[in-house]
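What follows is a short report on a single structure.
When the chains are written out, they are named A, B and C in that same order, and each has its own residue count from 1.
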């Protein structure tokens, strides 16, 4: 008797939980239904398809239902019928889409920047809340940003509620979050960790393929390369030893080799003073004094006391020659096409001449 | 050391402690009610009474450990309130009930701490202090343990160390709170025998809270019986340990008799009005005590 | 004689039979010599390789002497402006933390007590985290230490007030109030961290929370030298009282210690000392807990010896671990807070293991 009673009490939280879940999912589905029944159908199919991997019968049913939905989508219908793409994401997992993604949610700043140029605001239902922060985002002042309704964090509930058909997260996103998103049947593309401009370009091309915009992706990469070539041409004209440069962030963190910053400095015609170190490293002031770079590029978070007004660094060549610059971190820390702007920035710091257009 | 010199003797000199109408309360609960007592040099007074009668509280109030008592307490002719804790510690040594120590002091270090009321802030113990400590250890029979760690000692040994520390204070008054609690019978006798000897030899005034009535009667020249914070009786053991007093304070039925072998005072105690649960307090020291009849 | 004393306890045992004054001179003399030695080694090593002789000349030059030898200005800056102040700040902080730790263990009669137990570190951390996350750190060099110090003292005061029972602070209530406030402050710090979406800010906070001596120049040294020496010196003043407190409140009072007043003074001094240390380097863990215990295992619990030895030992421990932190991955460096735990914990466990029969007498 008492055992049974205890079992029932155990059930109560579950029942409550189900009630809450039911109540939550309801309003999210509601507006979509009212606005455009056709899109809603497409969405349902998408979810069914993923869920149907184990049940071929359901898959067939979904395929049958596909036809009217495509008609509703209009002139793109023909293209979409052929749409099937499989790419490998940053974690080495295959991501397969059988329909052109129309409700894309981006949960990393890098993909915010790439996708806004790649697919535009119409197919982006969410970007990160970092996208509107001008200190780190390259798209903060873009008017299209306002058309994107949602600003999200890597929160599975928030994202699933938006009913996206493709989600972009980063390699540093909590694996449990990724697991939950995948469990909800949403295709997830995990952005890898990128530490060179080439890898960023490759990444843009992969994402372009996944979202069905390979030509646009190639255009973007071509633009980047044009900028890089421009800089390279000007670097080639420079005489003498290439200047050494050090990128210094708050707390003594410097960018060593195998970092994007290292690639940026190299492409801008400089030598990374911290190239002996691999990856990001915290170094003591004496290490910086020993490096004695020609140019110091400070992250905007470095306080004056920490470097400019620090008596320890008064004798550095870069300080004596007034070659200390504060970086535009949006450019230098970009993992999108905007990283090319970082190369321009650094070139100007190294050679004190503007990049000719 | 034997107990032939129990504290009943010399009542010479001015009183060491004179308390008049002392009341003390904690959180509005009256623990002591108008307690009056006097302690003379060379006296060993046993403080008896049931649990919660206020024995420990009285000891703490008497040396100002707990302040804020009503009434008048005079310590060696001066009001207690006019003493600093350090001054009190030069005249009064107090051995608390619990003597657990978690830190690894040696016995000698521990006994030397008794010298601290006599030392300046940054003063280290000198030769004289070490001599006094050695003497105290000798008197309490722990000199051979001087370099042992206190927390490796047995309960009886540790109790002796604490008394040695109290002696190193060179006090005129020694207050002991249940010095025999948790000790076996042999150690109980040893400790009380030693303390009674100190009172007789050195003219110390001793007040000891003692649980065991037979022991209290055996070693103390005078007993103070506390009941619900009041002094119910203050006199020789014969006069205090009456069936009437014991029934009133402890709620027990007692018979008092003379030990046929030693002529010492003995109690036979049972629960009041219930002959079935007869808890006899056994006579304690047959055959080894040479103490004179009270 | 207990066999526990046979081997490991021998040093302690032999020392204990000596008069305390002699033990203080011997133990502190040895520790001071080792400390000076480690400081010299630390000053001479780093990513920049400078020979000992040149280091000596550079220091002399820093003191205003003419050495007649031309050495590069960069080396002068490295030795005199980077290494020396960092070593001295480390020594001061180590001394402050170890003495405060020893004091807390005495007040609470609890070997697990450390300076953080009454909320100093958590309060200091919250203050620092607020300064970082509001961007006030950019205003002035002193914003972070100031906020941290105010947080440390504020939290401790709160814990103390919460623990008052009939106007007196009882160790048990103090301990519980400290534990509760620590987790509360910890939750606030975590919340701020989670809401902060600027990566460099999060990194600055995390790095501060681990504790670091990097970049601590002369300004920091001069900021804490007076408070640390003053508070630590005043703690020595209470050394014997702390011995008596170890025997329990009643014994202590019976031996002439004004327990409530002494306890308050000790808490205040330890909090000020730790607060000053934490405010410039972050809540470096382990020093306050482990250094006094390591010393106790060797020299015993007498505070008249333990306190000065803890000051020197704490300084020695932190200067050593910071030197390791600087050198182990050079030219990159680790945060000293990581090394104190990485080196301190195993070493302490080793001591515990070797002395396991003595543990009950800790």
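The rule is short, and it goes like this: contacts are C-beta pairs under 8 Å (C-beta built on N, C-alpha and C of every residue); 3 or more make two chains touch, one makes a residue touch a chain.
Bear in mind that the values here come from a model prediction, so they are computed numbers and not experimental data.
The set of chains touching chain B and also touching chain C is empty. Compared with chain B, the chain whose C-alpha mean position is the greatest distance off is A. Ranked by how close its C-alpha mean sits to the mean of all protein C-alpha atoms, the top chain is C. With centres set at the average Cα position, the gap from chain A to chain C is 43 Å.
One simple way to say how far apart two chains are is to compare their mean CA positions; for chain A and chain B this gives 80 Å. Residue ranges of chain C in contact with chain A, taken from their complex: 46-48, 73-74, 77-78, 81-83, 137-138, 140-141, 197-198, 200-201, 203-204, 207, 212, 214-215, 217, 326, 329-335.
Across the interface of their complex, chain C is touched by residues 27, 60, 63, 65, 84-90, 92-96, 98, 100-106, 108-110, 113-114, 116-117, 119, 121-122, 124-125, 130, 147-149, 151-152, 162, 169 of chain B. Of all residues in chain A, those touching chain C in their complex are 129-130, 133, 135-136, 153, 249-253, 276-277, 281-287, 289-290, 292, 299, 301, 303-306, 310-312, 314-315. Against chain B, the residues of chain C that register as touching in their complex are 1-2, 4-5, 12-13, 16-17, 19-21, 24, 109, 111, 166, 236-237, 240, 243-244, 246-248, 250-251, 253-258, 296, 300-302, 304, 358, 360-362.
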